[in-house]
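One chain, chain A, appears in both complexes that follow, with chain B as partner in the first and chain C in the second.
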Partner chain A sequence: MDISPRSADDSPVHRLNPLTKLVFAVTVTVSAFALTMTWWPLLLFCTAVLPMVIASGTLRKFFPVLLALWVPIALTVYLIQGFFYPETSRVVAEIGPLELKYEGLVFATQTALRIMVLMGGFFLLLLTTHPGALMSAMTQRGMSPKTVYVVSAALQIAPALAGRAQGILHAQQARGLPVKGLRGRIRALVPMAGPLILGALTDVGDRAVAMETRGFGTSRRPTFLTEVSDTSAQRVARTVMGLCALTAVVANVLGVLR
Partner chain B sequence: MIEFRDFSLTYPTGSRPALREIDLVVPRGQFCAVVGAEGAGKTTLAGVISGVVPHMTGGASKGSARVCGRLLTETPPSELVGEVGLVMQNPFSQLSGARFSLREELAFGLENLGVGRAEMIRRVERVMADLRLTALADLSPYELSGGQQQLLAIGSALVMRPAVMVLDEPTSQLDAVGTGVVFDALETLRAQGVTVVLFEHRMERLARCVDRVLVLDEGRTAADGPPADVLTDPRLADWGVAPLRYTTAARRAVGRGLWEEDRPLPVTLEAAADGFAAALKSARTTGGL
Partner chain C sequence: MVLRIDSLVHRYPNGTTALANVSLTVEAGERVAVVGPNGAGKSTLARHLIGIARPTSGTVEVNGRDAAELGIADLARSVGFVFQNPDNQLHAATVAREVGFGPRNLGFSADRRTALTEWALRVTGLTGETDSHPRHLSFSERKRVALASVLAMDTPIIVLDEPTTGQDHRSVALLEELLGDLHKRGKTIIAITHDTDFCAENFDRVVVLAEGYVRWDGPVERWLEGAEDPSESAFEQPQMTRLGQRLGWRTPVVTLDSFLDQLTDHAETGVCPRRPAP
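Now for the complex of A and B:
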C-alpha cells in the first residue's frame, strides 16, 4: 500500500515543513494518550486531525487507509478488553462462559479512539509528505546524517527485501518447490530464508564500498536536493504544539482533566 | 592519470597474488578496456584503481599504484571521492538504500559532497537525459528492473563528474539498447577528458570505441595495446578471452583465400564486411569465383 504523495499533489498542508506535520502528529498522539477523558481522543480527531486532512485534500485516500488498518485493531481491542478486562466490573452480556464487561468496553473505546488519533496524525504526515523531504528536514534541523540514513534505510528495507524474496521464491518454484497452500508456503520459507539472509549480508559489504565511493560519512557539510521551506509562523506553531503536548503530560501526572 | 609500477597484491586469504607486477600508465582522457578470464584479477584491479583494495579488503602490496598523483595504498576511497568513480557488477548493492526516488538516488553522492542545489539539479537532470532515465525519475530505485538499476548505478557515478571512471562489467544486465546508451555516455566522458577504465566482456562493442585493450591472465599483463592488435592476437583464447567472431571468421578465411593476407584481421563488423567485400572483388577480378 503506497500512501506517499504524488508529485502532482499540492495543498497548504503539503507545503508545510515536514517537521511541523511531524510535531503535529506527535502532539495529537501525546495529548490523546495523556488525557484520560473517554471521548477526548474523538474530539481531538474531529477538531484537529480531520480539518487538516480536509485541508490537504486527501480525505478520499485517508479514510480507506485508516479504516483498513484501524478497524481490525479496534475490533481486537474490543474483544480483548470487553471479555478479559481484569478488574471487577458490570456485566453487560454473557456469551457462554464469557462475560462482556462494561468497564472493559469503555476502556476499549478510549484505547481504540487513541489509536485512531495516532494513526490519523501519522497518516496525514505520510499522505502529504514525501519521505525524502522529511529526511532532508530532519538533517537540516541538525540530526546526524548517519542517524537519518538509518531511519530512511529502515523505511526502505521492507520493499527491498520483499522484491528479493520474490525473486528467490520464483527461482525455487522454477526448480520444483511447491508453494501453493498454507503448508507449501510454510515449507518454502526455509529454502527462501537462507539465500535471502546471506544475500543481504553480502550486499552489506558491497554497499559499504558504494557508500564510501559516494562520499557518505565525509566531513563536508551536506547539501540537499529536496528543498524544505520553513517560516517563522511554523516555528512558533511547532513550539506551541510542543507546549500543548507538555501540558497534557503534566495534566496527566497531576491528575487533572480526568 | 593512472600509473602502476611493478604493482603486486595478495589478499589476506590468498595463497598467490591476485595481481602480479602490473606496469600500467593510462593518460588523461584515454578509454581503456581490461579483459580476461574469470579470476584473472580484473575486479581486483578495478578495486585498486578506485582505492577500495586493499583499504576495505586488506591485502599486502608491492610496487606503487597512483591515480591523479595520489599513492593508492596510502589513500582511502573516501579521499578519492570526486576524483575516481566506481561502478560495480551488482547494481542492487550500489543503491544507497536511503533514497526514495531515482532522482534522489542520483543526487545522494552530490549531497554528501556539499554540491550546491542548483548545480546538483543541473547535473542530475543531465545524467537522467543522457541515460534515458528521465521518465523514471520519481520511481523508487527498488521498483526498477535490473537493467534500469544498472543504469542508475552508472548514473550515480557519472553525476559525480570524476576525473577517472572505473566500470566493472557495467552492462552485464543490459540489453543492446541499454548497452548502447552506456557506451555513448562513456564516449562522451572520454571526449570531455575523463579517463575511463572499463572491465567488460562485450568485446564487439568495446572494440569499436576503446583506445586500448589490456589483457589480464592470472594477475599478470598478458597483452596491452590498440584493440586492432590485442583482439586479433592468436593467443587470446589461451588467456581465456573468446576472440571476436569477425576475427575468427577472417582468420579461417585467410587459409581458404577469402581474406587478403596483407589485410589486418578485423575487430569490427564494418572492417569485416569491407575485408570480405574486397576479397570477393579480388577473386572475381582474378577469376577465382
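Now for the complex of A and C:
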C-alpha cells in the first residue's frame, strides 16, 4: 500500500492555500465532535469531506489509507463501547458473560464516524499539500517557525513512520522472518520496533542539528523562497469556517441541536 | 541457471515505469554487477529478486521457481539480500545475536547456526565485536554486520545493494577479499553499484541498466575497455584504465593485475611507456 503523504496530482484543491485546507480540517473535526446527533458526522463526511476528496482527484489513494487506519480503530471502539458501555442499557445480544448493549453501539457508531471525519479532513490536507508550503503559509501568517515545524512534523509522522516500517519489514523478511499469522506478527514486533524507534529518534536528532546549522533557531524573521498564494475569497472562506466551528461549539455548550 | 528474468516490467502506482522490459539470466557461480545512472531501475530490479517488488508483467524465476508465488521469507532461503541501509535491520542487543537472527528464522540447527555465525563474523572482520551493541559501531562496521547477517544464512545467491557506499578503504578491501572467497565457494553474487573500480576488480559480467532497459550485458572488461563508453553512462573509468590511457598504452587495461602484466611486458620488450602528460 502506497501511503506517501502527498499525491503528485494537481487540482483546484491542491492549489488552495494550505491554511484554507488546515482550517477546513479543523472545522469539520470540531463540528463533528461538537454536535451530538449520531448521523451528523456521516452527513458532514458525505457533504463536506467527500466532495473535496473527489475534487482533489485523490479518491483512489484516500480510501485505502483511510480504511486501513480507520477500520481497526472503529472495531476497537465498537468492541469496547458495545460490551462495556457504562450506563444501564438495552441488551442486544449476549456472548458468554458479555452483553452487547444498544446504547453502547450507538455511541460507538457516533465516535467511529467522528474519527472518520477527523481522519478524512487531515488526510485530505496531507494528500494535497506540500509540507513546505504548509510551513511557509503558517510562518507567513506570523506563527513561530518552531511551532509551525511541530505542527508540520505531527502531520507527517504517521506516513513517515509507515514508510520506514515498510522498509524495516522488508529487511527483516529478507532475513527469513515470517510475518504471517498472529504468532508471526507478534514475533515480528521486536525486530520491527527496535530499528523503527531508534531510527526515528536518530533522524529527529540529525534533522534538529541540520536545521540548527542552517539557522533555523535564529530570532530574525525569515524570508521566503516562494510566497504561498492566497486570495480574498479564501480568507473569507476561512473566516466563515472558523465561525461555523465556533457556532458548533456554542451549540454544544448551550445544549441545542441534540 | 539460478536466475531467469523474462520481459520484466515494473510500474509504480504513480505511473512511473522503473523497468520497461528486462530479460536476463544468471548462471550459478556468476559474479554480476548491475550498473546504471540514478533512476535506471537497478534497485527495483534487485527488489524483484527477493520478492519485495512484484512484476507488473513478466516473470522472475529463482532456482526454477516463480518468485511471484513465493513470499519474501521463502525466497530468503535462496537469496540473501544486503540492503544499502544497515540501520533498517539492526535490532539485537549484540552483534552475534544480530548475525544469528537469519539462521534462526530459517530453522538451522544450533550447531550449524553457531558455525555459520562464527564464520560470518570472521570473514567480515567482526570477531572482536561479537558482544558489542550493533548501534554502537561505526556506519562502516554496521554495514559489515548487515553483510555478516546475510552471509550467515548460507544462501546460494547473494545480492548486494551499493556495498561500497560509505565504506572505508579497509572495509572495501575486506569486502573484495570476501567476494573472492564466496566466488570460490560457488556462490552467485549480484551487486548493484556505481563503483567502476570495484566492478573491474571483482566482477566477470556487467549489466548496464538505463531508463528501465538493459543497455549492455557482457564481460566487464569489454564494457570498461570501451564497448560502451563509460563516460556516456555517468561512470568514471577505473583508475587503472585511466592510468593506462595517460601512459599512452594502446591495449586498454582494467584491473591492477592486467596493468601489472602490461607493465611487465613493456619492461621485457624495453619499450618504455610514454611519460604521462602533467
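One rule holds in what follows: the second predicted complex is superposed on the first by the 176 of 258 C-alpha atoms of A that agree within 3 Å, B and C clash if a C-alpha of one lies under 4 Å from a C-alpha of the other, contacts with A are read in each partner's own complex, and residues count from 1 in each chain.
Operating definition for what follows: a contact is a pair of C-beta atoms (placed from the backbone, for glycine too) under 8 Å apart; a residue touches a chain by one contact, two chains touch by 3 or more.
If you're wondering where the values come from, they're calculated on a predicted model, not measured in any experiment.
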Counting only touches as set out at the top, which of chain B and chain C does A:H130 meet: first, second, both, neither?
-> first
Answer with first, second, both or neither: which of chain B and chain C does A:H14 touch in the superposed model?
-> neither
Of the two partner chains, chain B (first) and chain C (second), which one does A:K101 touch, if any: first, second, both, or neither?
-> neither
Is A:L198 in contact with chain B, with chain C, with both, or with neither (first, second, both, neither)?
-> second
On chain A, which partner touches more residues: chain B or chain C?
-> B
Once the structures are superposed on A, label A:R238 by its partner contacts, choosing first (chain B), second (chain C), both or neither.
-> neither
Doubly contacted residues of chain A, that is, touched by chain B and again by chain C = 164, 202
For chain A, which residues are in contact with chain C within the complex?
-> 2, 8, 164, 167-168, 170-180, 190-195, 198-199, 202
Contact set on chain B toward chain A in their complex = 50-52, 56, 76-78, 80-82, 84-86, 88, 90, 92-101, 103-104, 107-117, 120-121, 124, 138, 140, 142, 153, 156-157, 160
For chain A, which residues are in contact with chain B within the complex?
-> 4, 7, 130-132, 135, 145, 148-149, 152-153, 155-157, 159-160, 163-164, 202-203, 206-218, 220-227
Name, in rising order, each residue of chain C that touches chain A in their complex.
-> 12-14, 47, 50, 52, 71-73, 75-77, 79-81, 83, 85, 87-92, 101-102, 105-106, 135, 149-150, 153
